[in-house]
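Below are two complexes that have subunit A in common, paired first with subunit B and then with subunit C.
And then the complex of A and B:
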């Protein structure tokens, strides 16, 4: 466990040196701040525009950071053979993958805190009240961490056996499919065709249901999210990510990296 | 030498931009303008393709809807054919967008004169946001003013009163259900318009409602005078020679002022009255 945490700490240090990370975080923060101007273009309901732009920019840029930084850090270690020095020590390949995953999740978690703080400041600047914190704010941003963990896990899995470009394409495709699936799932379940329902049950295990990890609407409409619902969704997201990381560890253990 | 080349390239490029930009002004203004509503995408498909950003997409289409509603005032003659499809897209992407139902619904009937489309989007809103009282209220308004369906108007006003816990709406619903003669009808119209004016969000809709209020008040006055003339004719077996005869005989307390700013004109040969500003009284139902 100590070895895994050491790799994780090293991954955080390495990730924080990535310029891409800062570019994306700064862009997300600027977009959140710009929502104050965009909201002036609408007729009423300025708050929802500010809340939607803030949460969406955090989510979009967080996913991009998770995928691109996740793929880059794992692929680079293998391409530059720096992973070899680590694996020559008494460190298992599973430790290496798990350490990378934990380090990357910690990094995107730090980014998430920065972007959530920026969003909170922007919303506070408009509402002049902190009541939004009591209604969905923590659930919306907290569950994003579970989304990012799923993205990081998929990025690590694909980066462990394919090229960086392909790994990015595969990860974004699966994450996108997870979002589409969460939208289409109720329609397929309501369908008269039995095959559709069977397909849903199969996809429930294959694809991440990203809609379950999305509580942006709670902030927009001030919906309360119960602790139980929040914890269950968080457990689902991290559980899914854990399964993918275990799969990545298996794949990487069998990979010939001479 | 390299510095001079860069400076020349910079000057040439800046000149090209400065010259091209004014020439492209019409294209820039037309960018993003909706030409044919049939080409608008389906909200349900957009929702599938939103990749978790359906609320953001709903906001973007809402901004487009707001801009579209303002276009006819910048370019008169342009219709509002795409208003209902745009409202459908916004509310398919976010079925809880109560404000969108409200604004699109009221402008579809008030500005675009597309009452059936207004009813459709408002009924969708009542289904998806049942706790927003303004939606059944606007439906009641449509039923009363544009469709002449007083029973339907009473039912929707009752629902608005229940949802919004507004006693004045309950009273309105009761009055609508009891509408029996012309005077009551005008009084109910004025109550309705006053409430609608309180809810109107756009300046344009407000102006339209205020104009309609003046029209209804004028018709109310004309109808009162017409009823007095009928009573005079029944009592004296002739129409009054001048309107003052109605006052002398106690049928009117005084000759009423014309709310539209003109004067009440009387034709003794036809026995009819008209407003010098708005002409004779039309049926109350407003479809134009």
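And then the complex of A and C:
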């Protein structure tokens, strides 16, 4: 585990030097702040706009950071040959992949804390009260970490065997499909066609259920998420990410580092 | 007493499948060799011969398609076999935002070192490779030679008994190359086993006990330097001074070749008898003999002979001495 943590710590260090990461975080924070102005354009729904824009910008930019930085930090280790002298030590490929994953999740977790703080300040500036913290704030941002972990795991998986460009495309496609599928899933299940239900079961297994990990509305509508629901959904997110990371370790173990 | 085997390969092979049609390219074909503990083994061959492929298989970066290999008796598929290996990749690369001690700290942790031991060892190896003065610079500011030295430092950091070095002299200036050669000899004196690849044959001649020559993925010769080189005298070189221009023409007629150098004249003769006769003639003409040197086959000539011979793809030759 010491070896895995050493790789994770180095990954955090490397990720924190990414200019892209800061650009996206700053953009997300600015967008949250801008929601105060944008909300002036509506009548009576200002809190909803502010909460929506803050959480959505955090989610969008968090996913982009997870995918782009995740792919870059794995691909680069091979392209720039920095991984050679590391993998030639008594380090298994699984240690390397797990270390990368832990480091990347820690990095996006740090970013999430910054973006969540910015959102909290913006909401507080409008409401002049901290009651929103008790109504879904932590669940909304906590489950976002699980979403980001899924994105990072997929980015690591695809970066472990394909080019950076393809890895980004594959990851964004799967994440997007995960969001879309969670929206259309109930309709397909309600359909009379038996094949549809079978397809849903297959997709349930393959695609990440990003909707399940999305609790933004809890904050928007002040609808708290129960601890049990939060824990189950968090376990699903990290469980899915864990399976994807195990698959990535398997794939990477078979890869020749030429 | 028989020395322990540090490294052994048995019919090791690697075939790549390239392109959409999965075209087979054989990078390594049936490589069998044995490296004894405490020796320096030079692995020579031209670019693309299969040296780096062999090394990457040995350190677990590439999986072999055929055959087996072991390090101190442990199969290379077992990651713990790499605990006793120090590896220097060809053109080593490090995270360029780190300082040398930070690079060593990360590599040390991956090799199971930690705490004060790691700090002490890092300082020692940095001193050993002459990078102590550069401890405050990030790798980004390093010259190619400094990166190569840092590569050597991380390879010896955990004091491994076996060092596998891919082109260790690459990118170094003449002084740097001498330093590395001295370091390799010093490491051998401390009981380390060294296996290194190069296509600079002079490095091999000055440092190695045994040599393996690889061509087109096959080991074409393996053995001690003396046994690999054809020891017979190929020609004799006579260097002399004090001859007049017309006397040079007389001497040139006796020799295979002749030329004027900064200190006088140089002639080459096919055999020692002809050279002796010519030396007597120089003296009788009033000149002076500066040197009389028998020329034997160099490793480079031996390598070229093997590379250009018709039987290069045939069965490998093993020369023991």
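Miscellaneous remarks
Heads up, the rule we're going with is that the second predicted complex is superposed on the first by the 258 of 258 C-alpha atoms of A that agree within 3 Å, B and C clash if a C-alpha of one lies under 4 Å from a C-alpha of the other, contacts with A are read in each partner's own complex, and residues count from 1 in each chain.
Methods note: contacts are C-beta pairs under 8 Å (C-beta built on N, C-alpha and C of every residue); 3 or more make two chains touch, one makes a residue touch a chain.
Everything quoted here is computed from the prediction, not taken from an experiment.
Following the overlay on subunit A, a side-by-side fit with no clash is recorded for the pair subunit B and subunit C. Using the contact criterion defined above for the overlaid structures, shared-chain residue A:90 touches subunit C, although it does not reach subunit B. By the document's definition of touching, of the two partners only subunit B reaches A:45; subunit C does not. When the two structures are aligned on the shared chain, A:14 is found in touch with subunit C, with no touch to subunit B.
Shared-chain residue A:239: touches no atom of subunit B or subunit C.
Touch criterion met: A:6 reaches subunit C, while subunit B stays clear of it.
In the superposition on chain A, contact of A:80 is made with subunit C only, not with subunit B.
In the superposition on chain A, contact is made by A:53 with subunit B only, not with subunit C. In the superposed pair of complexes, A:220 makes contact with subunit B only, with no contact to subunit C.
Minimum C-alpha separation, subunit B to subunit C, in the superposed model: 33 Å.
By the touch criterion given at the top, residues 38, 41-45, 48-49, 52-53, 55-56, 59-60, 176, 179-180, 182-184, 210-211, 214, 216-217, 220-221 of subunit A touch subunit B in their complex. By the touch criterion given at the top, residues 47-56, 58-59, 62-63, 66-67, 69, 96, 99, 103, 201-202 of subunit B touch subunit A in their complex.
Of all the residues in subunit A, the ones that touch subunit C in their complex are 2-3, 6-7, 10, 13-14, 17, 80-82, 84-92, 254, 256-258. Here subunit C touches subunit A in the complex through residues 16, 56, 59-63, 79-83, 85, 87-89, 91-95, 97, 106-107, 109-112, 114, 151, 154-155, going by the rule given at the top.
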